[in-house]
Structure formats: structure tokens, C-alpha cells
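Some structures to go through are shown next.
Two complexes follow with chain A in common, the first pairing it with chain B and the second with chain C.
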Partner chain A sequence: MKRLGKIEPYIYLLPALIYFAVFSFYPFLRTIGLTFFTVSADGRVKAFAGLDNYIHVLTDPAFLRSIWNTLVYVLMASPLAIFIALILAVLANKKTRSSSVYETMFSLTMAMSMSVTAMIFKIMYNPNVGLINKLLGTKINWLNDAKYAMVSMSFISVWMNIGFNFLFLLAAIRGVPVELLECADIDGAILYKKVTKVILPMISPTVFFLICTSLAKNIIMAGLPIILTEGGPKGSTSTMIYYMYKQAFGNMSYNDAYAAAVITFLFTLIATLISFSFEKKGVHYS
Partner chain B sequence: MKKKRYQNILYQMVCLLVGLIIIAPILYAFSISFMEQREILTKKLHLLPNRIQWNNYKEALRLTHLVRYMLNSFILAGGSSLVRVIVASLAAFSFAFFEFKGKNFLFMLCMSTMMIPGDVVLITNYKTVASLGLTDTYFGMMTMFLVSVMNIFMFRQYYLSFSRELYDASKADGCGNLRFFLSILLPLSKPVIATVFISSFVSTWNTYLWPMLVTNKDTMRTVQVGITMLNSKDGGTIYGPIMAASVMVMVPTLIIFIVFQKQIVGGMMTGSVKG
Partner chain C sequence: MTLSLAACGSKDTGETQKPESTETVQGTQSETDSQQQEEQEPAGDSKRISDADIEISFWHHMEGTNANALETVCSNFNDTVGKEYGIIVTPSFQGTNTAEKLNTLAQAGDWVNFPDICQVASAGIPTISGYDLFVSPEEMYAKGENIILPRESIIANNARTFTYKDQLCAIPFSNSTILLYYNKGLFEAAGLDPENPPKTIAEMAEAIEKLTQKDGDEVTTYGLNVQVKRYQLVNWVGGEGEYNFIGDNEGGRAGLMSKVTFGEDGTLMAYLDEWEKVIATGGYKPVEDNINEEFAMELSAMAIMSSARIGKLKDLIGDEFEWGTAPLPKVNASDKGGTAVGGSGIVMFDKGDADELTATWIFQQYLGGEDAQYDFCTASGYIPMNRDLYETEKMKTYMAENPEIVAAVDQLLASNPNVQEPFDIVTGDINSIIDEEMVAFAQGEQDKQTTHDNIVNKCNQKLADYVKVNAE
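Up next, the complex of A and B:
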């Protein structure tokens, strides 16, 4: 009985630890390890390759294009989704009788799945019958024109992330002490000043958290190109993980796929580290 | 006084209008799902269907095994959410109520899995599942969603809010650890159980990439994979049925989200926002 007492806490942890070992740490280390070998199309390790795989993908124009596309996508989608959500949160901050209705509307995009959203936007982006061209009076082929395809995709992602960001920002703004806002009112501060001088500094931890999560989430995005464009036209919507997916499951080129996976991981790591250094400078914890 | 009331009403109207703009794509999907072919293909701006008709829904059900997909998604989301609750509550029990060697290390080890994005290890996990012969099985589909470190963290935060006296008192009464867990702790943890179950149900129901990879058989597909199969290159002719299928797929999650908003939101905030 006494012996059991010692190992008891480990027993409760065991299922979680085994799971992490098998589906997180093992594949992570194996993926990194395999990037230094050549792997055949049926997945067998053939020979030590040093850095050849990395050199190969980093000189592949298709992968370089994918890195560029991913950066464009991330730098457009992440800030815009947070900015729009911030406006909505400021708008919804004041409680009214219909608060719960529009709060639900503002956050509803959170319940939407990638594939359904993609299908809806596919129709809205249709060059001939789509709502967007009809409203703008344009004739743009949003998803099939290399100039617009990535921007159009970023916009889908912005829409999907509004709800999640909004909920966090609303909770943060509601947490700002009322006295502070009242002081600003007495000083006659206009709304713009109130937001930039009082609200933003107070909610900076939440904004910081959202920047971190959305950068990490957007860097690994692959669903939209898989469903909508297959990376086209002319590689203009291929993201890093899409490249990895296509090389592994389309071309059976695991050498490229593993190296691309590790490089993508490094990007998420860099994004997190940059966010942390930003945290030290610009985030105020009360 | 009166002026203030009008201002308030005006303010609410503006908010509701902005809300309608935000959810416009969802409303548009509903609208198209009731339109006839020629209404969808018109070159003029046409927002609402002339009349409600259900042909697109019948067509969507005829073209795909949508009911079967729904069942698959339901098994996938329900099964993995249940496992998540069990594994996470057990692990958190250990972290919150026991003192043991290597506790902090193991906790950090678990938390570090957050740094490994699932898509980066996608290929190796696919190989693992395939080599176990689990493609086209429910268990194979669930493997990616069985444990989430965020859920462990949420349970742990919740447990830590209990006073240790509760645990010590029941121990003094001769209540074993497992019995304490099952008959005292779990019944008191209903709110966090609900949060974890509902939020993982919605996120698993909505997931696309992994179920697509591990299923080849049409009868094993989930709704998210199934509706993209309607997405043919010259899909112009079946927009109506596609939107009808999309509506049927998104309605369950929309309802769950609206009804359980408090639980889902409360859970998201745990631990992610400090101060």
C-alpha cells in the first residue's frame, strides 16, 4: 500500500505522458532527425545527407515562394483581425439591453469551421455570380488571379479570427477599472484618446497574447489552399505547410517535406521569441 | 433625459447593424441555400430568395452521404472530447493534489507540447497511424485530438481553487485517493468538465486536415471533408446544394456555441489571460 502511494501520482499522469511521447515528442524528434537523411518514397531511410535537404528546399523557388506567401498572409491577416476585433470590443464595451445579441454576433465566427467558411467565400468570390464583385462593381477573379489570391485568402482568415479576438479583447476592456475611464471622461478625452491612452495600455497583455497566438496559428495555415486553390494560380497561394503537405502526400518527396516542416517550426519559434522580447518592452501588467 | 434614451437606442441599432455585417457571410449562405438555380446565377444583386424551397437540401442529401458524415463527425467529436475530459482530469488531479519527484519537470514537459504545432509533425503522425493500420477507423481519426495540454491546464487551475482541507479531511476519513477523485472532486468539477467537453466538441467537429488525411473510404468521411468533396472545379452548377450542405454542417456548432457561449468563453479565458 505504501509502495503504491509513491507511484500513485505517476499512474494518473501516465495516459497523458504516453500520449505526448507518442504523438508530440517522438514525431517532433523523428522529423528533425530525418531531415539529415535521404528518405525513399516509401519512407525508408537511405543515407546520411547532412544539410543537403535544407539546401535543396531553400533553393527551391516553390518553397521560397511559399515562405514569402506565408509572410504576406501572416502580416496581413494577424494585425487586421486584431484591429477589427478591437473596434468591435470598444463598441460592445458599453452594456445595453441588446448587448447579448450583438456580442453573440461579433463572436459567432469562432464557431465556423475552415471548410464551411471556405465554401461560403468561394461563392462570394466567384467572378461572375459572387456577392463581392456585385457589391464592388468589379470583375476581379479573386481566387484565380495571382495578384489577388493571397490577399483574398488573408481576408477569409481575418473574418474567421474576428470572433476569437473579440471575446478576449472584450473581457480585457471590461476589466479596465471604471474609475480610470471616468477620469478620462472628466478630462474631456475624446474616444480616440481614451482608447490609445487608457484602454490600450491597460489591455496590452491581452493584445500581446493575441498577437502570439495568431502569428503561430497563421504561420501553419494550410487548409484554405488545400480546399480552395491547390496552391495556385502559379504557386501564389502555396504556404509553407501546404508545400510540406504537397511534397509529402502528392510527390512522395519526404526529404523536402521534413525539411520544410522543421523550417516552418523555426518560424513559429522565432515569432514566439520576437513576441516575448516585445512583451518586455511594451506590455504593462498591472 | 429623452435625448439620452434616443441616443442609447441609436447606439444599439448601430451595434446590431455592425453585427449583421459581421455575420453577413453566414446569412448569405442561408439565403443561397433556399434559392433556385437561376436566382443564384443571376448577374444582378440578389440577396434574398424569392421563396423558401427545400430542393437544394434534398439534392445535397442525394449527392452525398451527409447523414453518414454527420454520424462520423459526431462519433469523432464526442469520442475524443470524452477521452480528453478523462485524461486531462486525471493528469490535473496528480499535478494539483500530489507532491512527487519531478513534478515541476513533468508539468513543464507537458506544457512544452504547446510549442510543437500539430501540422509540423503531421507526416510522422500519419505514418505512425498508418503503420498501426488505423487509417479509415474512428480511433485513427481521434488520435490527434485525444489529449490537449490546455485542458490539463484548465482542470489544474480549477482544482487549485479548491482548499486543500477538503482533500485532507476526506483523507483523514479514510477516503482513498481514487475515491476522493471519483466521488468528491469530479462531481464538484461539473463546470470545467462542461467547458472542456463542449469546446473540444466544437473544435473537433470543425477540424478538416487530419480527418481528410486518414480517411479514404467515402463512408468514413467527416462532414468537413465531405462538403469539400462537392467542391468540383466547375462547381457553378451546384452552388445551391453546396450551401445547403454547408448550412446543415454549421448549424449544430452555431447552436452549441450560442447556447453554451458562457461555458466556452469562460474556459478559453482560464489561464490565457493573466492579471
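Up next, the complex of A and C:
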């Protein structure tokens, strides 16, 4: 029984381990392996290439631009979606009769599919007939001007992710002990102080989770450029994964695609490690 | 894996074995035999391929109205020809890029999960024709069995679109051509003849100047909206002179395309010379935002789009204003090439079962037949690829009632079959290169020569990279 007890946890882990091994670890290791070979359009390994594929991709201006675009997109989309959701969650914290109405409204964006949202925004962004220019009184070509295209796509991402972030943050805020907030009230703390000194430290594990998932999700984003811009104008909305997708399926160049995939993974890994360094300093589990 | 290998290994058997029942399908029996059989057997049973119904999986990439039209065609097949032969077709939507799905399966060696038949864009033909399971209509026509769609019924231009290394690799199905769409009301208001749209790019530039409306410095109605990408450019350059292949090896149809030729033969520069006149008008919108909607809202007087958009524009415009279609304005008045056929064809695969292959072949031909083409094209707006259909009364009536499609049909039939979109393989990159360079040219960020050189050099670099890895 004692020996079984030791292996018991691993037995529970086995199904998930098999699943990940088959569908994640094996393809991932195979992809890494193939980056060192020349692979033809029909998937045949033709020759050992050493680091040539990486050199080719890292000297391709289109991929370098994709790296920059991805970083810009992540820096614009991730913090803003969490920040706006946090404000909404603080506002919605107090339970009232109408809570369910605005809670549903705030979280509704997570029920929208990316393709539907993208098509709606495409019309709204139209420089001639779109709602946004009408409201702002501008004539900006939001998706077809290289200066604005990535900002416009980031805004769609923010809008889409607010609902998901809101749900998590609302649940976390409502989990903050009432006595702590009452103590802050007795001490005369204003709302800003209560949020930064009480609520944020208490919900920091949730914020940390949202930061990690948001970074990973946004670094590998490709849906919006596929649907809206095909990476244009002038490559301004081509992300790393969009580049990978285009090389693999638009150009049948698996050599570039494999190398781009591994480099993107490294970026995601670095971003996650940075997030975990934040965990040590700023996340409170007590 | 074992199943995959089994499927591959049994290909030869599938090709050489002929089911006994297919003898009756081939029409080799005399009329007397057929009459005797009809007397002896229940109606509809004489052509059955096997005792049990054969199920055919059909992958397609049609959406919305077009998907409904396609499903109606499949349903009609199941109720008529399918019932006669004992075939049941099940269509399934596989996203907008079926070639990508097939390629994924092929790389994994997962031949078992291949469909029997699949709708693919022409650009996917060179890759698909290399699959172990692939069977070309050319081979099937050469066998001479179970022919229900005569080879001659396929319009030569459409056949050429899906021809690779002298083999017809797909039966054309949902085909289109590029057109000039124009607003007749705005033409009249600008003093232009609405029944005489521009025939050359130079004439189009003159029309743009008259059609463009401004409020101060701001353009309120553009004379022309089109974003020149690969599709548009290869149609213009391809139509120059008698015809132009765009790249070597007949634009990739005779073998791997390793370079573009429109730089060295001067056709790209000839096009840019004319296009400069369009840009100089100040009434040309070089990026497409919502081109259908903007044309429908009279924000552009002319637009250049595929004929596949006729149906969509009819819905959007309704009776709001009168509009028409015309052939794509030529680069030079003397050009005779015409335009390319766009769209998709139907490819089939041999899954190792002779009866299934026969059934698939019959369905593949049915999709190119008069009934299927009429039903599908009149519901979707595509141009029929069946020559005989144009001789029928119902098609003549349809074209009389839908004059917008006449320009597309006339243009297609008048075009040289050698004018085609090239099989350039690195289509995505070439599209991006042309798009970026042409927008930069239109927005005054670079001159004509730079645009020309960038397009040629960058396209050649991408093609060279591909050839380096994939040349045999």
C-alpha cells in the first residue's frame, strides 16, 4: 500500500501526460528537430541545414518586422484589457438588484467569436462609411494605414478580452475579505488607496494568472491579421505567428515556418519567465 | 499507419480492377440490351455500380449563398443521377483553404482520411497533383469509361486553368473572371456614355478625371477603386499582346516556375506606364476597405473585382441605381490576350476501391455537367464552364435577364486560354510584394522604375528560395 501510495499521484497524472506527450511534446520536439533540416514543400526532409533556417528567418526583414509588430501588439493589448476589466470589476463589485444585468453586459464580449467581431469592426473602421470616423469626425484609414493598423487591431483585442478578464477579476475582488475593506474605510482610505493597497495585493494571484495567459495568447495571435489585413498594409500587422502561417500555407516554406515557430516559442517563454519574476515580488497568496 | 499504407498500396489494384457492374455503366451494351434490361429490372437499377449504395465524401470551401447552391446541386445529384448509379454524396465545408487541409493530411501520410473528391483553388493544383492518391480527369478520359461529361464540353480556357504538365488535373467548377464594374448614373452625370465604358487603362484614366467628385480637397466619390495585388496585376500583364505567361515554364504550368518574365519582356513596365496615368488623376483609391459596399453607396464610380461578386452587388444595390459590367480595360488597345479564369475546380482521389473511384468519377463529371452548372452558377453568380450549356434556352434566358454576367462570359470566351494566373507556388509572398509595391507607387512613395525593379527582384528572390529547396 505504501509503495502504491508513492506512485498513486503519477497514475492520476498519466492520462494528461499521455495527452500532452502525443499532442504537444512530440510535435514540439519534432518541430525543433526539423528546424535543422531542409524540408521540401511536400514535407520530405532533404538535407541537414544546421542553423541556416534560423539565419534565413532572422535576416528576413518581414520576420524582423513581425517580431516588432508582435511586441507592439502585446504591449498595447495585454495591459489595457486587464486595466479596463479591473476598473469595471471594481465598479461592479457591490451586489445590487441590477448586478446580473451589467455583469452580463461587461462579460458579453467573451461570447463573441473572433471572426464575427473582426467583421463588425472592419465595417466600423471603414474610413468612408464606418461608425468610428463618423463619431470622431476624422477620415483615418484605420486598417489600411500603416500608422494606425496595429493600434486598431490591438483595440479589437482589448475589447474582446475585457469580458474574460472582467469575470476573473470580479470573482477575485468579491473574494476580498469584507473586514479588510471596512478597516480601510475606518482608516479613511479613499477608493484609489483601497484598490492599490488592499484589493490589488489580495487579487494579485488572479492578476498574475491573467498577465501570463494574456501574454502567451497575444504573442501567438494570428487570427485578426488573417481575417482583416493579411499582414498589411506594408507588413504593419504581420505578427510572428501570422508570418509562420503564411510561410507554411501561403508559400509552402516549412523551413521558415519551423524556425519562426521555435523563435516565437522562445519569446513566449521569455515573457512567461519575466511574469514569474513578477510573481516572486508582487503576488501574495496569503 | 498500417491503414494508411494499405490505402496507398491498394491504389494499383483500385485502378486496374474494373467492377463487373461498371460494364453496364460504360454504355457498351447495345440499345436493344438496354431495353431488355429495362424490361427485366426495376427502373433505375440498371446503372447501379454495386448492390450497396456507395458513399462519397466531398470537401468544399463554399460559404453562405454559394454553400446553399452547392448543397442543392449535391442534393439534386443524390436524387437523380446518384439514385440511378447508387451513389450518395455527402458535402462538407472544410474552411476556405481546402488545399491546406489536404496538404496537412498528405504530410502526415494520413491517406485514409482523404475525401473522395475535393473543391480546390487552381493555385493548389501543382502540389495536389503530386499526391499518391491523386487521379486526374485526364487519366479517366484516357480510359474512356463512364464518360458523362464530354471533354470537349469544358471550355478550353477553364480547362487550361487546371492543367499542369499537359494533364487536366481538375474539372473546373466555380469559375469567375475579373471585370470592370461601373455606375451608369454617375457616368451619365459626368457626361460619359454609360453604354460605352473604357476599353483601355488610358481611357479609364480619362473617365476617372471626369467621374471624381471633390468637396474642397477631399474626394467624396472616387473615379476608381481597386487595390492592385497579384490577381489584378497578372490579369493586366497576362493579357498583353497575344498572351503573356508571367513566368518561365509557361507560368509554372509546364514545370516549376523559377522566375518572373514580365520584367525582361517589358510587359510590367508597359503596364506601369499606363497605370501611372490612373494614379495621376487624383481620383483613384488604391486601397480596398469595403469595396462592395463603397461601390453600392456610390462612393466609387468604378471598381475592378471578380465576376463572383455580381450576386453580392445585386443584393447590396437593389434598385438604387443602374450599374453595369465591362471587360477589364486593356493595357494597350491592341492587346488580344484577355483575362484569366479564376476560381476552383474539383479534384478526385483513389482511395483503393474501384467502385468508389467509379462513383467519384461520375460525380466529378456531374459537377461540370449542364444541370449542375446551371443550378450552381445561376444561384451563386459564377460563370458556367460547360460550353454546351450556353446553347440551351434556359441559359440564354438567364443571361438575357442578367446582363451583368454577359460581359464576364463574353470576355472569358474571347480570351486566349494561355492567359492564366501563374502556378507561382509562393503565391502568398508574391501577392504581398505586388500589393506593397503598387500601394507605395500609388501613394507617391516611390517612382515607377523602383516599383518595377522591386516587384521583379523580390518575386525572383522568393521563387529562387523555393526552387532551391524543391527542385528535383
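Just so we're on the same page, the second predicted complex is superposed on the first by the 264 of 286 C-alpha atoms of A that agree within 3 Å, B and C clash if a C-alpha of one lies under 4 Å from a C-alpha of the other, contacts with A are read in each partner's own complex, and residues count from 1 in each chain.
Following the convention adopted for this analysis, a residue touches a chain if its C-beta (ideal position, glycine included) is under 8 Å from a C-beta of that chain, and two chains touch if they have at least 3 such contacts.
Treat the numbers as computed from the prediction; the structure is a model and nothing was measured.
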Q. Just from the overlay, do chain B and chain C fit on chain A, or is there a clash?
A. clash
(Q) With both complexes superposed on chain A, which partner does A:I190 reach: first (chain B), second (chain C), both or neither? (A) neither
(Q) Let me test your reading of the model: by the given contact rule, A:L167 touches which partner, first (chain B), second (chain C), both or neither? (A) first
**Q.** chain B versus chain C, judged by how many residues of chain A each one touches
**A.** B
Q) First (chain B), second (chain C), both or neither: which does A:L88 touch? A) first
Q: Figure out whether A:G43 sits in contact with chain B (first) or chain C (second), or with both, or with neither.
A: both
(Q) Let me test your reading of the model: by the given contact rule, A:F249 touches which partner, first (chain B), second (chain C), both or neither? (A) both
Q.
For A:I123 in the superposed arrangement: first (chain B), second (chain C), both or neither?
A. both
**Q.** Superposed model, chain B segment overlapping chain C, candidates 3-11, 75-83, 111-119 or 219-227
**A.** 219-227
Q) Same chain A residues contacting chain B and chain C, which ones? A) 43, 122-123, 126, 128-129, 249
Q. Considering the complex alone, what residue numbers of chain A touch chain B?
A. 6, 8-10, 12-13, 15-17, 19-20, 22-28, 30-31, 43, 88, 91-92, 94, 96-98, 101-102, 104-124, 126, 128-129, 131, 134-135, 159, 162, 164, 167-168, 171-172, 205-206, 209, 216, 219-220, 222-223, 226-227, 241, 244-245, 248-249, 254, 257-258, 261-262, 264-265, 268-269, 272, 285-286
Q: Please name which positions on chain B make contact with chain A in the complex.
A: 8, 11-12, 14-16, 18-20, 22-23, 25-26, 28-29, 32, 40-45, 86-88, 90-91, 93-95, 98, 100, 103, 106, 109-110, 113, 115-125, 127-128, 143-144, 146-147, 149, 152, 177, 202, 205-209, 212-213, 224-225, 227-228, 230-231, 235-236, 239, 242-243, 246, 249-250, 253-254, 256-258, 261, 265, 268-269, 272-275
**Q.** Of chain A, residues touching chain C in the complex
**A.** 38-43, 46, 56, 62, 122-123, 125-129, 139, 141, 143-144, 230-235, 246-247, 249-253, 255
Q. Tell me, which parts of chain C touch chain A in their complex?
A. 97, 100, 103, 106-107, 127, 130, 218, 287-290, 293-294, 297, 299, 425-429, 431-432, 435-436, 439-440, 462, 465-466, 469-470
